[in-house]
Structures are given as C-alpha cells and as structure tokens.
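Look for chain A in each of the two complexes below; its partner is chain B in the first and chain C in the second.
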Partner chain A sequence: MHQLRRLDDGLDRGEGLTLSIIDRRPGLRVGLLLTPPMLWLGAAYLGALGALLITSLWTQNDFTGNIERVWTLENFKTLFTVEVYRTITVRTIGLAALVTAVDALLAFPIALYMAKIASPRAQRLLVIAVLMPLWASYLVKAYAWRGMFSADGPIEWVLQPFGLNTPGYGMVATTVTLAYLWLPYMILPVYAALERVPDSLFEASADLGAGSVHTLRRVVLPMAFPGFVAGSIFTFSLTMGDYIAVKIVGGTTQLLGNVVYDNQGAANNLPFAAAVATVPIVVMLGYLAAARRTGALESL
Partner chain B sequence: MTATAISLRGLSKHFGQVRAVDELDLDIADGEFFSMLGPSGSGKTTVLRLIAGFEEPTAGTILLGEDDVTRRPPFSRDVNTVFQDYAIFPHMSVVENVEYGLRVKKVGKADRRRRAEEALETVRLASYGARRPHQLSGGQRQRVALARALVNRPKVLLLDEPLGALDLKLRREMQIELKEIQRDVGITFVFVTHDQEEALTMSDRVAVFNEGRIEQLATPVELYEQPASAFVAGFVGTSNLFRGEDARRLVGEDGTFAVRPEKVRLATSAPADTTGLCVAHGVVREVVYLGATTSSVVELDDGPTVTVSHPNTDTSIDAAAERRDQRVVVTWRRDHLVSLGSPTQATSPEEETA
Partner chain C sequence: MRKNRSRRRWSGPAALACAGVLALATACGTSSGDSSGGGSAAEDQGGFTAPDIPMQDSVGDPEGQVNILAWPGYAEDGSTDKSVDWVTPFEEETGCQANVKYFGTSDEAVQLMKTGEYDVVSASGDATLRLIASGDVAPVNTDLLKNYPDIAPFLKDQKFNSVDGQMYGVPHGWGANLLMYNTDVVKPAPTSWGAVFDGASDYAGKVTAYDSPIYIADAALYLMKTQPDLGIEDPYALDQDQLAAAVDLLKKQKENVSEYWSDYLKEVQAFKSGDSVIGTTWEVINAVAQGEGAPVEAVLPEEGSTGWSDTWMISSKAQNPNCGYLWMDYITSPEAQAQVAEYFGEAPANTKACALTSDKTFCDTYHAEDADYAAQIHYWTTPIEQCLDGRTDVTCTNYGDWTTAWTEVKG
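Moving on to the complex of A and B:
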C-alpha cells in the first residue's frame, strides 16, 4: 500500500513535468499536434495527387506499352479533341448535377421534418435511420438496385399494370442508384443547417404577416442554403468519381471513372488515365470556388 | 375610458398538467403602455404568445378591438412582436429586415423603402440600413427588431422581455426611449418583463402575474404603495412583512402587514411624540452600502428583523457603519403600513382602510 502510493506520487510528478514542458513551449505543442496530420496530408494525399498530375504529362509507347518520361500535352489534346471523351465528360458533369438536384429535392422535406417538426425522440431515430444505409456495403446497395431495375424486378412489376416497363440499365438507373447512395450526405448538412435556425425566426416571419409559402421561400430556404452547398459538394464529387455503380446498373453507359479505370487496367495507359482523372479534380476545384463565392462555406 | 385594444375572456392555457394561464380576464386600453410583470414561469410570456397567436388557448377568447382572433393564425392578426432574442433574419440586411412585413403585404418598392427608412429613423438607426445583422451590437439589434415591428403600424405591439439581454446603462436608456416612442406612435404596447423597476418606470398599468393568474392590476404608484398581497409586496420592491404574532405585537392588530424599508426610520432614542407611530426596539445586525442608499438590518427585541433604508446624503457612511451592533429604535407611521388582509381571509378593500 505504502509502496503503491509512492509509485503514484512518482507517476504524478513525472506526468506533471512532461506536461509543463509542453505547456511552456507553445511552439512544441503546436508542432506535436500538427506533425502527424501534416505528414499525412502533405506526403500521402497531395504527394499522390502531384504524382498523378506529373504522370498525365508523360506518354506511353504504343508499341512496347512502356511509359516514356517525355513532357507532352498529347494526353490532354486527345481528351479535348476526341468526340467520345468530350461526350463522356459532359455526361459525367450532367449526371453529377442531376444527382445533386434529385438529392436536394428529396433531402429538404426530410431534413425540415427532422429539424423542426419531429419530437426529440423521433429526431434521434430519424438521424439513425438516415445514417443506417451507410452501414451497408456500397456493392450490396448497388446490386440491390440492379435487382430493382431488372427485367423481372419490382419496378417492372409495379409499372406493368400501367402499361409501362422498367427503364432497364442505363442513365435513369444510374441516376436513381447514385441519388440513393449519396442521399444521407445531403440530408445531414441540410438538417444541421436547419436545426441551428431558432424557431423564433419562423414565428417572426408569421408575426410579420407571412404565410407558410412565403416563410419557406424567404426564410427557411435561405437559411438552409449553406447546408445545400455543403451537401452538394459531397453528392457532386462522389458522382464525378463513381465508376462502380454505373458498371452495375448503367448498362453500356460510360463515365469519366470508367475511362480512367479501363485505361489503367485493360489498356494499361497510365498517363492517359491520369489525364482523364484530372478532369474531375479541375471541375471540383471550380465547383468549390463557386461555392466559396456564395459565402455559404463560411457559415458551415 | 378609451376603447379597448385587447380583451381576454376566461383565457386558459394548459401544458399537460401545468396550468400556465388560468382563466384570465383582462382588458387593455387603446394607446396604453401595459406591462405584465412576474417571475419566470408565472405565465406572462404565455399570455403574450397567446395574443400573438403562437399558441392556441385551451379555453377562452381573445378579442383585438372588436375582432375575435382566438383561432386565427399569427399572420392574420394585427399585432407585431419584438422577440426576446430579437429574431432578426441573419441573411438579410437591416433595411430588408425592416421591410419584411411590408414586402409580405405587397407594398410597392419605393413606398416600403421610404417607410423602412422612417422606422429606422424613429429608432435612431437612420444610417444603418445597409448593415448586416451580425455587424450590430445587442442594443442596435434590439432597435432593428423594434423598427421591423413598428413599420407595420400594428394595433398592438407585443414586447417579450426585449431589454433582458442589454447591460444596465443601455437598459435604462432604452426604457426611456421606448416610452417616448410609444407616446409618439400612439400604439398600444404590451410589455412582458420580470424586472419590477422596468415595469414601474414605463407602464401606465402593470399586471403582476403569479402561477398563471393576475395577483394585482394597478398603476405603478398603486402597485408600490398599496400592494394587494404578500406576493406583490415582496416582488415589487422589498417589504418588511409582519404576520401573526409579530403583527399583533408590533401593529397591535391581527393580519398581515407590510411596510417599505425607506418608510422606516432609525434613531438612537424613541421620539417624544409617538402619536400615529409604531415604535420598536432592536439591535443593528448588518449595514449594507448600496451607493445611493444604505440598508440596515435591525433585529427587533420582539422577534422579526426589519430592513431600514436611508439615502446617503452624507459622503461617508461611517455614522451608519458605527451603528452596527448598537441598540436602536425603529419607527414608522401607521398610515405607511399596508394591510394585506388576515391570513384566513381574502384581501378586501375594507380591511385596507381599517
């Protein structure tokens, strides 16, 4: 017992000493805190991206298949001049925008109900319900939608009495599947934005004579806007980079991700794959800059 | 008597088992500055929210002028509210905030801009129209909220503890300013506060709330000088209360009596002429310096303690401080005693004149 206490004292003193050195040297403290994340961000993340960009400026020997480390813009020239790549780029951006719009439309009423109407208990349950699909594997969910859209699947079964058929595998199925996959990433930021709005703002709007439609348009939507911007960054960028869902439910539809994947794998043209991969990066940088201009990112 | 702006008849609001407002009858006159005073949870804010339409009453009716608005939503009632947290729209500029109500009513752009500027001038924020709410101080935001409500020229303006978040000096300034604005625009103000000084300073009449009911409805002077119950006597200012045995010994009558600390005098010996006076002996236990006044707590030989308040007309309180632990005589005029009725009976006016 006695010994134990002495051990404790020693530990206390030792701990106090180390902590006080860190306390007295703010530089050291900041350094210790920031080194691991900076290493990760600098070396692993930006380093890999930098390597990718450099690779995109090299070329591949058509005959041997080896990479030739000669600086050239040939890959980008192909990307912008060949019709099919232009079409795929436009299609990918369009799909990203469409998925974002569908998610925004679906997320708003759900988020509004969660943030302002549901009881605290229902609110907690709904947050779990929204997060739950994220626990399941991406592949499982994509294949689930493949089943839905199949020729003898539930969608066909529901539509047949109305003389309609399943749209089958293609852009529609891809849009639905991706919108389904990324919906939680839209609901949560919109919910968070609305949750922070004090109820008194809605009361003030009603007090000043506004009906629900006016309040929705002039108060609720503007207040939810930063949430939409944050959510759209997720839905837009995740769609820009997707190549698996489109493989599973897209039929022959190709997106930028497929071009990257095919060039990397089958064609083994790493420099061209790298050049294609820079397109979503540039588009996203443009998107982020536009989002920044709205001022919505500051209020996140 | 002028026309009534608001009539509440048998108004009740229950939240589950809690009776927040309990069968309230109240008439507020046109152009009146009316305050609802009470501790938190006394129901005063609920009454305000019922008038605004944010809550639906469990029972009773609400008349605005001649109109029964009991079941009408907030946006079709001719009242406007200044919220406790101001509820300024953060995504709009100051002038857009003020214009909001006019915009809803489809007032033309030039007209509504002019009226908004006028309203901002009324609250002395003429050059602040282009600012964003987050660039304003608490006091300025409060004025924006006031302008945003006043610009609609409502029949009644409801104010929910609007000065609560301001510091003391600013609060005093705003009290005077609010009263001036109310006199200028001539709109009925219904003001909710838990600050008795605020209520006394500004109001034409004050309703003191306790547990969902009105304890007393009176002018500030009546409220202070003639409190109707022990609750009012204790909540509005401070009072020395004598009950039961104490009342019998000190006043010579049965019942509950109150006397204000500033009406009690402190002396070293009993005055020669004691007609119309109550006299009691005791020891000074505590002397508290309060700036403008000094309070002495005297423990009477007859049991209870009495607080005596006197103005600090001298620069030093040494004389008062020296009295600590000294034997003194406290006196007060019998006509300064307020009878709060015998504890077994309800307060009745006859007893007060007795």
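Moving on to the complex of A and C:
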C-alpha cells in the first residue's frame, strides 16, 4: 500500500487528479463508459436516419442530377398521389406478410422437433444444419433459385409430366426465394422459445386429459408466440428492404427497395429515394408497435 | 480525406473561373449546387446552352497518373484476360499510371463524375448532355488530339457530344441495339420491332427488354414509324402525349415480358435457358450467347434502331488533365481502337483501326465505315425540356419524367 501510494505520488499530478475524480464519482465513470456507444448510436445511427429524412425534403434537378437544397414536400406528394407507388407499397407489405406466414408455418414443426423430440446430439446437428445456409452467400442462394425456376430448370422438369410449367420469374419465385433465405431467422427464435417450455407442462396437459392437438394449441403455441413475434420482425423487415432477390428471380416485379435503388442508383434522385425509404421505416415502426402491444417483446 | 482534397482543388481554379465570367452565377455552385443548364437559344438543341467551363489550350507535362471511369471492357490492362491489354502500353508510352474504374449504367457514370475523383469518362449519349449541363465535364480542345482527324466524320459535332459546334469529347465507338431472337422458337425470323410490341403476345412470358428509362425511346421509335399521327420526329424528343403513347405501348408489352435486363450476362443466361426468346440486345451479347451455344440471331429491324455512341470526356475538376488528354488521344489511336472495338464488339470511331483488327472483316460486320447504317441508328441522347427535334411550341419531357414513366411501366 505504501509503495502504491508512493507510485501514485510519482505520477503526473494532473493524471493522479483525474484518476481520483473518476474513483470518487461513479456517475462520471458510468458516463465515460457509456458515452462512446451512445455517441455511436446517436450520431452514426440516428444521425444517418435524420440525414435521410432531411434529404427527403430536398429536391433534385431532374436533368443535371444535382441536389437542390430547397425545402419542399414535393417528394412525399408524389409518393402519395402517384398510383404506382401505392401499388408497390401494398405489394411489398403483402409480400412481407406472406413470406412471414410461410416461414412461420415451416419453422414451427422444425423448431418443435428440434426442441422437444430430437436427442441432444441430433439437436446440435439440427441447429448447425439450420445455420448452415447462413454461411453461403445471399447471392449464391438467390441465383440457385433462379436456376430452379428457369425454363430448363428442375421445377419445370418435375412438373412437366403433370402437364404443368414452372411459374417462371415473378411473385411466386420471389416468395419462395425470400422464405428460403429468411427461414433460419424464424426457426431460431421459435426454437429458443420452445426449448424453454418445461416438459412437465406436456405431462400436466396430458394428465388433465388434453390430446396432443389440444396441447399444441393451448399450451405450446401460446408459449412459442413470443418466438414467432421475434422471428417475424426479422422476416418482415428483411423482406420489406429486399431488392436483390427480386431482381434475380422477380421477373418484372418491383418492390419498394427497387424503387429506392432505381432512384438512387439510376436516376440520381437521392431526395426521392430518401422519401421512398421512409415508407419501410414507418411500416416497421407500426409493426414494432403492434408487436409490443401483444406483450410478446416483454417475455423474450 | 480524398474528397477533401478534391474539394479544395476544385475551389481554386473553379473559383477563379467563376470570378472571371459573370454569366457563371448558375454554373459555379458547390458540387451539388443548382446549375440549371442555362437558358439562351441555340437552334439545333432547342435552346440548350452549356455552363462556361474553360478549355485546356495545351498539354503540359504528364502528372504520372490518370483516373479513368469507363464502360466494362473499355480500358483492359490484362487483368481480365492476359492477351487483352492496351492500358500497359499506354502507361509505358506516357508515364501515366492508369487507375481504371468500371461502371454499369450511364446513370452511375453521371453520379461518379460528380465526385470529381475521375479525370476522364467514356460517356454514352444519354449521359453526355447531363454531364455538360451540370458542369462536370469541360470542353475538349480537339486540336490537342493528333488522332482526332481520323475519327469518322459522321460521329463528330453530334447533338450528344457537342454544344454550339464545340466538341465536349472525342468519339470512341458506337453500335446499335439489335433485336435478338431464339431461332428454334421464333419463326419466321422477325424483321420489325413489332415482334416485341404489337406482336409480343405470340411469345407471351418470353419477351425481354432493357431495364432503363432510356428504353422508352425504343417504343417511341416504333411509334414514330407505325403511328405517324403522333408526330414523333425524334424518339428522344417526346411531349406529354407522345410519352403517354409510348408508356401505353410499353405497359402492353410488359404483360408478355419475362424479365427486364440491365446486366448483359443475365440476358445471355436467359436466352440460353429459354426464359427469354426475343428482345432487345447488343452485338456483344449476341456474340457471347452464340459462343456459348445458344440458338440465337440478332437483326437490325426495318424501323432502324436506337444505339449508343460513346465519347471520352474530361472532367472539369480533373486533377490530371494532361494525362487525361494523353489517354483520350491514345484510346482513339488506330491500334488501341482496333483492340477495344474487337474486344467489346462495336464499331471503332477511328476508321484507321479497320486495317489493324485481327478479323479483317470486322469493320464490315459492324458497319464501321457505313454512314448510311449509322444514320439508321438513333443514338442514346438525354431527353431534355427543350425539344431536341427543334420544336419550340411545346415543352418536351425530360429524363426525370422518363424515370417516373419507367417506374409506372414496370408497375
């Protein structure tokens, strides 16, 4: 102790002072600890969103592509009055809901088997199997589905004997591809939720005379519900923002992401792209508010 | 850091230039300023004038490097294919190290040129006027380019590469958008663009089209030939009604479209797999698809066609203007032109290149010296409010309108 004190005295006077202030004031310590991440969140994350909102209130010279910093609501007026943007918004939300529903239907039996039926060893293998597709590039998977749906692809080959054709590139192919891409994000939270259901609840339910269907409906599903909500936030928001898969397998289909991309990348119209980009943000805020109301987020 | 540097460089000479000329008030904003493209009258371009950017009057010592923004395949240094290399000889000859960046669409090129980080760009006709109007490129002193006299005369002083007789670049090469079809499925061979418009339902779900607002001009060209009542004189000069007619035609076409393409390899693949059997294409795509064994042919339909004519332009904020000029001169030399044209599959602008191509019939195949063939092509041009066909009684639709219209077509 004595030696330490001496060491401390030997330190630069100012430094010793700072150190002791930090020692004495826990509030300051917490403040210093949290400031960098809060700055990151505030400046980089919310700042970027704020910049996006501000840009959406500017306009662009149609011809030269230069941004004109004049305050106007013109972009939002176009967005709400031109019918094609409403159609695209409705289509995007519909697709997001459809992909979420398909993923929920597929994820439930898989997650249930993983959590309650499989042996611990099989359980580990299944978790790896579910995560495995995430190791492959998004583009590779999307292009794989492009091959599947092509006119000389496997789907055509399977359906032809029945006098049917591949649905080709369009909404069907997009739904299947996106549902495939986001499935792990639905399986994992549902699996986590089901794993927390104690086995004794199944026994109790059986003791009280419920059949397996009844148990599933009244005991398992309500307890898995927070998992579905968490998973659906992923599948829904990822679909809302997608523009690459739809470019690869969507044929002529346009989603909100494509409109943003076309306006930013092709037309240089950053202000309008920013205005369009606020639509998924608003939709997601609404979705999160609805998810919160269900109470599912608290029990996660 | 880089951006800062270029901003500072820009403010030096540009501020000087601005101070010198009063009329520049609109042209000398910041890089995202408010230049409007001027206002006084010039007959051939319906009143389009360019901001006053100073022109270089001599080529000084090379700066040691040049930043090149180019279409894929225009500046090959052997990294794609060892035998395809005309950049290294340039570097050895001039001492300018070439830093090449490729872009995918004209719009991307316009966007990247605004950063001021590139010295030269190979711009197509649908980008050139926008670059000129926004003050991102400078007029080109063709006297400083020793290969300029050998450029095919029908490529010089065009609406898309010059303003009031002042060239804004040096022509690089050109080609036509063709009609490609699957010879197994499409019989008899089509001779008209009608095959993808009025007759598209014969190939329902198998038609393809180029995914860009500029494709509206293809529909306008077809209407120009088939519906004279609309009074279309130039597919890039459409008033509101004419644009609406083109959009209607494209909406009907869309019902039969399998997908739109902008990535040329995607089109090759779609024709190989049979997902697309007929649609617009480039010569190079036809060659690649045939090379991969797809049963396809490409024709120039009887209505003529839209096409591209590319121009090397120099940035108004060029940090290496001397190397930029050296590059523009080098890339339009017969030797370089022969290699680029053959690699990319287009007609070289410098017709002296025709003697140097490895395939001696190359220039005939691409009609490089055929002014009549070239006259059938309506080169990509940026639509602007001042009607490019010389009409002054109406306002034409501009590229922004076309972008919105294209979104509506795709629905």
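What we mean here is this: the second predicted complex is superposed on the first by the 269 of 300 C-alpha atoms of A that agree within 3 Å, B and C clash if a C-alpha of one lies under 4 Å from a C-alpha of the other, contacts with A are read in each partner's own complex, and residues count from 1 in each chain.
One rule holds for everything that comes next: a residue touches a chain if its C-beta (ideal position, glycine included) is under 8 Å from a C-beta of that chain, and two chains touch if they have at least 3 such contacts.
Just so you know, these numbers come straight off a predicted model, no measurement behind them.
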Superposed partners chain B and chain C on chain A - clash or fit: fit
First (chain B), second (chain C), both or neither touched by A:L41: neither
Partner chain in contact with A:P198 - chain B first, chain C second, else both or neither: first
First, second, both or neither for A:G153, with chain B first and chain C second: second
Which of chain B and chain C A:I67 touches, first, second, both or neither: second
Partner chain in contact with A:M223 - chain B first, chain C second, else both or neither: first
Chain B versus chain C as contact partner of A:L164, first or second or both or neither: neither
Touched partner set for A:D207, first chain B, second chain C, both or neither: first
Comparing the two partners chain B and chain C, which touches a greater set of residues in chain A: C
Overlay on chain A, chain C to chain B nearest C-alpha distance, Å: 45
Contact set on chain A toward chain B in their complex: 198, 200-201, 203-211, 214, 218-219, 222-223, 225
Footprint of chain C on chain A - complex, ascending: 60-69, 78, 82, 84-85, 87-88, 150-153, 168-169, 250-252, 254, 259, 262-263, 265-269
Interface residues, chain C side, partner chain A - complex: 29, 32-37, 105, 107-108, 110-111, 114, 129-130, 133-135, 205, 212-213, 254, 257-260, 273-275, 382, 384-385, 398-401, 403-404, 406-408, 410-411
Footprint of chain A on chain B - complex, ascending: 52-54, 73-76, 79-81, 83-85, 87, 89-91, 100-101, 104-105, 148-149, 152
